[in-house]
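Each of the next two complexes has chain A plus one more chain, namely chain B in the first and chain C in the second.
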Partner chain A sequence: MNVFMQTLVAGLLIGGIYCLIGIGMSLIMGVMGIINLAHGQLMMVAMYITFVLSSYFHIDPYFSLIVSMPALFLLGCILQKYFLNPLMEVDSILPENQVLMTVGIGIVLTEIARFIFSSDYKSVKTSYGGSAFFIGNISFNLPMCIAFLFAIFITVALFLFLSKTDMGRSIRATAQDKEAATLMGINSNRITIITFGLGAALVAAAGSLLMPIYYLFPDVGGPFTLKAFVICILGGLGNITGAILGGLTLGIAESFGGTYIGMGYKDMVAFVIFVLVLVLIPGGLTGLKRLIKS
Partner chain B sequence: MGKKNLTLIVLLVLFLIFPLVVHSDYYRHLVIITLIWVVIGSSWNLLAGYTGQVSFGHAIFFGVGAYTAGILATQLGISAWWGMMFGGITAMVIGLVVGWICFRLRGPYFALATLAGGEIFRLIATNWESLTEGMVGILIIQTFRSKLPYYYIALLMAVSCIGTIYFIMKSKWGYYFVSIREDQDAAESMGINTTLYKNISLLVSAFFTGIAGAFYMNYMAFIDPNVVFSLHFVSIMAILVGIVGGVGTIMGPAVGAFIMVGIQETFRSSFFGLAPKWVSQAHAMAFGLLVIFVIMFLANGVVGDWAKIKRYVFRIKPQSME
Partner chain C sequence: MKSLRAIMVVLLSVTLCFAFGLSSSSASDSVKVGISLPITGSLAKFGEIERDAFKMAQKEINAAGGINGKTLQLIIEDNTGRPDVGRSVVEKLITKDKVVMLGGGYSSSVTYAVAGVCQQEQIPFLVNTGSADRITASGWKWIYRINPSVSHYADAVKSLLSSVVKPKTAAILYENSLFGTKGAKSFGKICKSLGIKVVLKEGYEHGGIDYKPVLVKIKKLNPDIVYMVSYIMDASLLMKQSRELKLTPKMFIGGGAGFTLPEFKSNAGVASDKVISATLWHQVLPFPGAMDFYKKFKAKYNKPVDYHGAEAYSACYVIADVLKRAKSFKNTDILKALSETDMMTVFGPVKFTTWGKLKNQNIASSYVVQWIDGNLELVWPPKHATKKFVYPVNWLKTWGY
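Up next, the complex of A and B:
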């Protein structure tokens, strides 16, 4: 029972960070209808920002959020404005041009990181890195808990932004129906730029929050891109509440897979879930909810 | 038409006599590797360029083909060359499963489903140690010491792959494929069984990729999961070969394969030893930049946009002469 609870807690905590990654992906997917295959690589950039700030300037990883999030927001905006939006006008056979472009961007970002920092594994050392506290017999890793709280905070802030502000409403309108939104006077070009920036900033937060508990190398992004996609499929494509559910589910499922099946298969759990969802419940968790209702 | 046929015959003859003229094992090896990529790229192009189903998981079929050959040799003790036959067939069987699952999705979602599929296979090959030897990989003994037999087998493989795709695209199937790419719903309403034809396209594609994998096993004599199921060095490379050469053209992937392997080798050898050493680490970066460049400016690849390139080059030339 103890092991069970411990596994559940660990899964839930990492699930919080997965939520941030998934929401970022989901936002981009919802508004632009494309999958950002550079998502994990953007996170990798944020992780390096945190790494540099903490090991050269001795800034606490959690404070580095103040730098990494705006920096990635800017990077996301630039990528969307100068690399992805121009492709809308390019005539080509394959409609997946933008997706392929994100692959290219991902490769370049990874290689730039390898150029600057080499392929070595890096990590951030903090005084609280290994500390934990106990409730009953279950240990709570302190950095994971802080990360979880941050993740909740950022998610709530995002929800307020999307529901209360003009810009947030425009983003949601564009996601629902781009043409109608354009007719209502929303500059959808600008919205896509800001959305990509937001998505990048969210995944940057996830990256910075992961830094105290994770290690870092240039190829760290790839698996997270895949995870982000699995989360979105799990929660229903382009659905933000779904992404939260999906993130938590994935975290818990991975954690259980690691404990009860074997560490080697931990990464496979995500993909098995992914295939099962595709075959059994194509709409993801939100689709399931709708299915039960009707 | 006559001119085109003549060019093809001249090209084929050039390829046939190439290893007789060039004795350097290094250049023969490069061309063999390129020919493998011609096969993978052309197969990918059949599915993605002609049928419109962009696959990010061709490593599945490549790896399955390679592992079929390897496992035949290590577990059953028969020649890995049997893999050239069974590798393609196993890849087709796997292709059926992949198609059954992934064709529920469209567009980018299909792409990512196949991408996840590739990762699943890599993890299976890593963890199922009793069958695949896991991370240790499979090592066999090469049949021939000379590169010559390998060269001609690879050439035969590439020519038959391109030829098959050419004839498929001339047939009724080809028109079905393109109609699915252009508008799946319209194709469906015209009475085309889109799922069936997407699967046919996938199976042909998987078959040739599987054969290429089996040949790779025989030629390199060593595989491990991170090489043959690699996302970057197989699945994405297949896409790059396709888009750089030109999607939806017969010769595009072949041209793309030569460009990509050329660039890879130029960078890996630091411009043949002329540039400083660190350049050799930049080949992945060169790939990334090339993708960005090609997508932005040559969306239909070198072959697809050949007219555009020609026009551009000829317009530039007189100016620079002045």
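Up next, the complex of A and C:
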């Protein structure tokens, strides 16, 4: 029973961070209809910001959110405005060239990080990094719990933003039907820029929250891009509630796979679910909901 | 998609050609040796150490007159830590750069793939780190190796276990790569020969965030020792999370790789203390130049160096020695010189013989190191020890609980 509960707790906590990563990607996918394959690399940039702030200026990783999120928001906006949007106007061999562009951006970001910081593995030192509290026999890692709470807070804030503000409504409208939104007088170009910025800021939050738990090197992003992609497919493309469910599902599935099937098959569990979802319920978890309704 | 990939490949190769065209003025008075290392990708850390060591040795060799008057030119190619990329860069080194022999080879999986190409193309390949047994146990004529194979990594640990720790049960955790799987398997054999019961043996995918599920399982089984074959950051996380869960076996043992790097200590912090690990080299060993090399490396790159650097540094000297002795730079002449190698390096004596199932293999010893108060001390065998092996360990006190 202890092992079961510990596994569940571990899965839920990591699922919280996966949510943040997934929501960012889902948001971008919803509005622009493209998969951002530089997502994990953007997270890596945020992690380096947190690392620099923490080791050179002794700023707590959680406070560094105040810097890393706006910084990545800006970076996201710039990327969208000067690198991705111009591609939309160009007739090219492939309609997916924006996706290819994100791959390129990802590689460039990784190599810039390697150029500045070399391939050394870095981590931040905090007084609470290794501390845990016990409820019964179950250990709760303190930074993971804090990260989980932050993740909930940021998600709620995002929901309020999307449902209560003008800008949020415009984003949702663009996601639902870009042309109709443009006809209604929404500057969809501007919306895409802000959306990409938002997505980047969300993944930046995930990165900063991960720093006290995890470690950092230039290639850290790749696996997380993949995870974000799996989460989006699980939740249904472009669906934010779906991304939350997808993130939690992935965290828990990985954790249980690790305990009961074997640590080596942890990633396999995630991908088996991924393939099953694609084959059986192509719309993801939200598609399933629709299926049940009808 | 396919045509696009082709375009990208062409573009990439053009850029690479330019890059190398500029750096290698292909003068006839230089000898070209290809080195395949992971300079990017998740194994880049190790590739960087070895690249730095190679370059240091190259500079010294050329300053001392090079290869009979010719300069030694190393063409270091990035294999990104992936076997398929490794194959293609080595094919490029052989066919385009026309290197006379190959060196390097970090990561067993990549090295095995690269060795296959070298055997096929009949180019001598001196391996310095890739340690899976099958690299030199496949009967390949063109493959030589300086470092012992992974099944011998734990030889010194074995003698330490049988004479001091005397455990009854063990748990084995390993990364499910070629190196990790083979390392775990050979430690399983050691356990069997010492009558230690293996209560858990589990692989994991490297790069995980949370190892608690498996550590909780180990805690429940309460083994006497925990043996781990891990690359660096997994090693730090495993130790940090063990501390968090208050998992306290009699001893934590690392199977080389991640556990001997300075980053292990800096990332795991207090959780790294008193952990022991198998290793292949330590600067205090009585080999001529060992301490010098350590100091020079530290002064030049501002970081300590472990066995990975020593292997690469020695490999470069062996390559230079072989090329000096070879009658010509024809592959068969180099192979002949390679087989006659008998020299002293900072890594110890190098001489290629048959070692059990391994062919063209240098016989090297392994050692045990322990992290004591932030320093990596050699603790076994006792005749070389810099500090006494700390045992038994009160983990909770060590971890500051």
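We adopt the following convention: the second predicted complex is superposed on the first by the 294 of 294 C-alpha atoms of A that agree within 3 Å, B and C clash if a C-alpha of one lies under 4 Å from a C-alpha of the other, contacts with A are read in each partner's own complex, and residues count from 1 in each chain.
Criterion: a residue touches a chain if its C-beta (ideal position, glycine included) is under 8 Å from a C-beta of that chain, and two chains touch if they have at least 3 such contacts.
None of the values given here were measured: they were computed from a predicted structure.
Superposition of the two structures on chain A leads chain B and chain C into a clash. When the two structures are aligned on the shared chain, A:226 is found in touch with chain B, with no touch to chain C.
Once the two complexes are overlaid on the shared chain, A:100 sits against chain B and chain C alike.
In the superposition on chain A, A:267 contacts both chain B and chain C. Of the two partner chains, neither chain B nor chain C is touched by A:136. Once the two complexes are overlaid on the shared chain, A:83 sits against chain B while remaining clear of chain C. After overlaying the two complexes on the shared chain, residue contacts for A:279 are found with chain B alone; chain C is out of touch.
Judged by the touch definition given at the top, the superposed model places A:185 against neither chain B nor chain C.
Touch criterion met: A:114 reaches chain B and chain C at once.
With the complexes overlaid on chain A C-alpha atoms, the stretch of chain C that clashes with chain B is 76-84, out of 76-84, 310-318 or 364-372. Residues 93-94, 100, 110-111, 114, 264, 267 of chain A contact both chain B in one complex and chain C in the other.
Remark: chain A residues 33-35, 37, 83, 86-87, 90-97, 99-101, 103-108, 110-112, 114-115, 222, 226, 229-230, 233, 237, 264-265, 267-268, 271-272, 274-275, 278-279, 282 touch chain B in the complex. Across the complex, chain A meets chain C through its residues 2-3, 6-7, 10, 13-14, 93-94, 100, 110-111, 114, 118-121, 123, 125, 129-132, 139, 141, 210, 213-215, 217-219, 223, 255, 258-259, 262-264, 266-267. Chain C contributes residues 1, 3-4, 39-42, 44-45, 47-48, 173, 176, 202-205, 207-214, 216-217, 220, 232-233, 236-237, 240, 243-245, 263, 266-267, 269-271 to its touches with chain A in the complex. Every residue of chain B that touches chain A in the complex is listed here, in rising order: 48-49, 52, 54, 101-102, 104-105, 107-109, 111-113, 115-117, 119-120, 123-124, 126-127, 181, 231-232, 236, 239, 243, 247-248, 281-282, 284-285, 287-289, 291-292, 295-296, 299-300, 304.
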